[in-house]
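Okay, structure first, notes after.
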Amino acid sequence: MLEELKKEVYEANMLLPKYGLVTFTWGNVSGIDREKGLFAIKPSGVDYDKLKPEDMVIVDLDGNVVEGNYNPSSDTATHVEIYKAFPKVGGVVHTHSSYATSWAQAGRSIPCYGTTHADYYYGDVPCLRCLTKEEIDEGYEKNTGLLIVNEFKNQGIDPEAVSAALCKNHGPFAWGKDAMDAVHGAVVLEEVAKMAYRTELINPKVAEAPQVLQDKHYYRKHGANAYYGQGNK
Amino acid sequence: MLEELKKEVYEANMLLPKYGLVTFTWGNVSGIDREKGLFAIKPSGVDYDKLKPEDMVIVDLDGNVVEGNYNPSSDTATHVEIYKAFPKVGGVVHTHSSYATSWAQAGRSIPCYGTTHADYYYGDVPCLRCLTKEEIDEGYEKNTGLLIVNEFKNQGIDPEAVSAALCKNHGPFAWGKDAMDAVHGAVVLEEVAKMAYRTELINPKVAEAPQVLQDKHYYRKHGANAYYGQGNK
Amino acid sequence: MLEELKKEVYEANMLLPKYGLVTFTWGNVSGIDREKGLFAIKPSGVDYDKLKPEDMVIVDLDGNVVEGNYNPSSDTATHVEIYKAFPKVGGVVHTHSSYATSWAQAGRSIPCYGTTHADYYYGDVPCLRCLTKEEIDEGYEKNTGLLIVNEFKNQGIDPEAVSAALCKNHGPFAWGKDAMDAVHGAVVLEEVAKMAYRTELINPKVAEAPQVLQDKHYYRKHGANAYYGQGNK
Amino acid sequence: MLEELKKEVYEANMLLPKYGLVTFTWGNVSGIDREKGLFAIKPSGVDYDKLKPEDMVIVDLDGNVVEGNYNPSSDTATHVEIYKAFPKVGGVVHTHSSYATSWAQAGRSIPCYGTTHADYYYGDVPCLRCLTKEEIDEGYEKNTGLLIVNEFKNQGIDPEAVSAALCKNHGPFAWGKDAMDAVHGAVVLEEVAKMAYRTELINPKVAEAPQVLQDKHYYRKHGANAYYGQGNK
């Protein structure tokens, strides 16, 4: 069932250790088949070097396991909420990558200090508040997803223009058009987080990049007038 | 004698260079056979790339070498005290891993800034005081072990819930249910130490993670109601 | 056409991932044939692990593509201006390498704190201002090149003695006698940027290296009286 | 001539890139045959991946090349002075390793913050002053060696107990009983420099390790009562 999707999600998961984004089992990637309303996700707590494509767990958008020999990632309910609220998202990833997690632990959004950031994100990568005791007790993972979804709505952030969020005292979630694209974004986020950290240590009074420069780089790669890459070839 | 244990302890030692936790010979792992009251430990000052399973030294809980062609690790007496006082510990590791050692040199306990920490440790990883001149002269390594044991007792810290300690101006000791698990903990400690360092540089006024979030993550992985991984499958 | 040059430029591009200077496609190298007035440059947005020598795009000094199946790097117009204004330059490179980009994001020139810097650059590596809205709208990449060229002229900096510049909120450009030499310079710049960052964190009140020491090291490697290496052998 | 020594010095040089201590050609190792009064040293500016044992240059203690097809390292005169003044030194190494060089650029001696440092160095690793204009003009490399030698004498530092020095705004020199041991020391120095840097960022008010702890660790590994390793076996 969904063998192609399971293979792709498996391969996207295996990129996490390749890019140095995970230690042990601290991360998970999923990818969705929008027509069937089912997604494939990494099983919980299984070592990357023992993972096989057939170990991916198939889950529906109510969070029910439809197929699989393992428990799905403990963060499955977070993925569900992101898929339900962001209809163009085809893949979701969660890691504890070192720099992005450090910003999350510090409780700070990542400011846009340069074009590397602006090439991918239109504005800050937001750090969202912690869940309340009630939210945690009621359904920690589900409410983590709802927090992301609701904060993006309330703050007027377009999840296509800012494809990542930091959960305070926890770590990053990122998404993309499919599982591979989500992982690509997780790598970018870590690089951007690393350079923002160093930027502030070099100049504690640094300001964000001028808006006009942010616009230039973002729209050089996104939207109708993009001219980066081979898309218009 | 204890060939299986020696092999496991050898393999656990070889993970230290694999995970980047040691330079040269700066680290040692041991594992115990509780029924026999004997443990296997790395020989002192032998290069990792020359180490063989049969080089592991067998020591009893009085610190006497029972079998082996080499001197045991110079830190053997510290391991002895940990095994004697913490009956559920099956493996002990000491490294000079860079970030954990930097916290030890700075004389600071590692605060719990996020869920990566809370997934493994219930509360701070404590930095213990230096030994006094008398303690050093009387028996440096033995008293290092007694300090860990006594401080955990005095401070009311459960060695199962906090499976590591920093010795001030020295470095970390960590333990687990066996030698492999102890090394797993040493890797976690280094990651947690690295992210706490970066967290404070990003936000010098950062506070610890809310207790309710720490509780959630710790008990998601530990105790009767744990649901992370495949344990309940 | 220009097969030798394309091969060299290809190889120079492939050094960027080897030296850890690029993530994904975030960089480009070109090299020029001064007699023909044509240069070869990396195609835009093509993965390094799929790149082949024949994919290099041949461009003239008006920025027109003369040969190639791909769009040239989106930064091509910047390379054009550097080649036009700096006649001894044979290769140009742009990266988002982490430390150099962090200095650019911080909006600071890299001070000369030691002989590693002085061995390669005579004075600071300058951080240039951001482009204005008008400059961005009129021709972002071309005006980036003109900014480098004009600022070097206005500030009296010899592009042979300082073979790199930081574009504020963006990242570094570097150049050399050919494509390989330009990449060599990009590696040096990253090392120098990394050590300057650490130097300031170790001593926030640090001063630049004495001019007499800078002179000694620069002229030990450059000019008529150089004696480093095998050049005088 | 001295084929064994050239091979050993070649292998010691090749450890520099292996341990990540050099970029390009920024380092050199030598080793001496005390009976013959001749040492072998890396040729100047030759890439490590092209280096062969027979490329090592043989130099006498007046700094004259006795055998070799290449110019010796531009730092040869510094090595000469160290060999002449420190009779127990059998190998010398110079690198621009990143953390040690950053301390040198910051103009600060590396304080002893813990046992990793104390295991190898008895006290601070000193940062020496810059040379004066006269010293630079008269003989830069020779006077660098004389500065090290004279400052150790003036400050009463035993070159066996502190086997490294930082030259201000330049970088580290280290030495040992032979070329391999000198490189071992260069690796240790870089680790110690890295941890001291992080220690101060974690606790800006940190104090040095208690003298009694420094003594304990230093004498656990050095002198008549050492018991670390297999030396007493």
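Note that the chains are named A, B, C and D in the order they appear, and that numbering of residues resets to 1 at the start of each chain.
Assume a contact is a pair of C-beta atoms (placed from the backbone, for glycine too) under 8 Å apart; a residue touches a chain by one contact, two chains touch by 3 or more.
Everything numeric here is computed off the predicted structure, so don't read it as measured data.
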Each chain counted as touching chain A and chain C at once: none
Most widely separated chain from chain B, with each centre as the mean of CA atoms: C
Equivalent interface positions on chain B and chain D, same or different at half: different
Centre-of-Cα separation between chain D and chain B, whole angstrom: 33
Inter-centroid spacing, chain D versus chain A (mean Cα positions, whole Å): 46
Where chain A touches two or more other chains, by residue: 200-201
Those chain pairs that satisfy the touch definition: A-B, A-C, B-D, C-D
Of chain D, residues touching chain C in the complex: 23-24, 26, 43-46, 70-71, 74, 96, 98-99, 101-108, 130-131, 133, 136, 140, 169-171, 197, 200-201
Interfacial residue positions of chain A with respect to chain C in the complex: 113-116, 184, 187-188, 191, 194-196, 198-203, 206, 209-210, 212-213, 216, 220, 227-230, 232-233
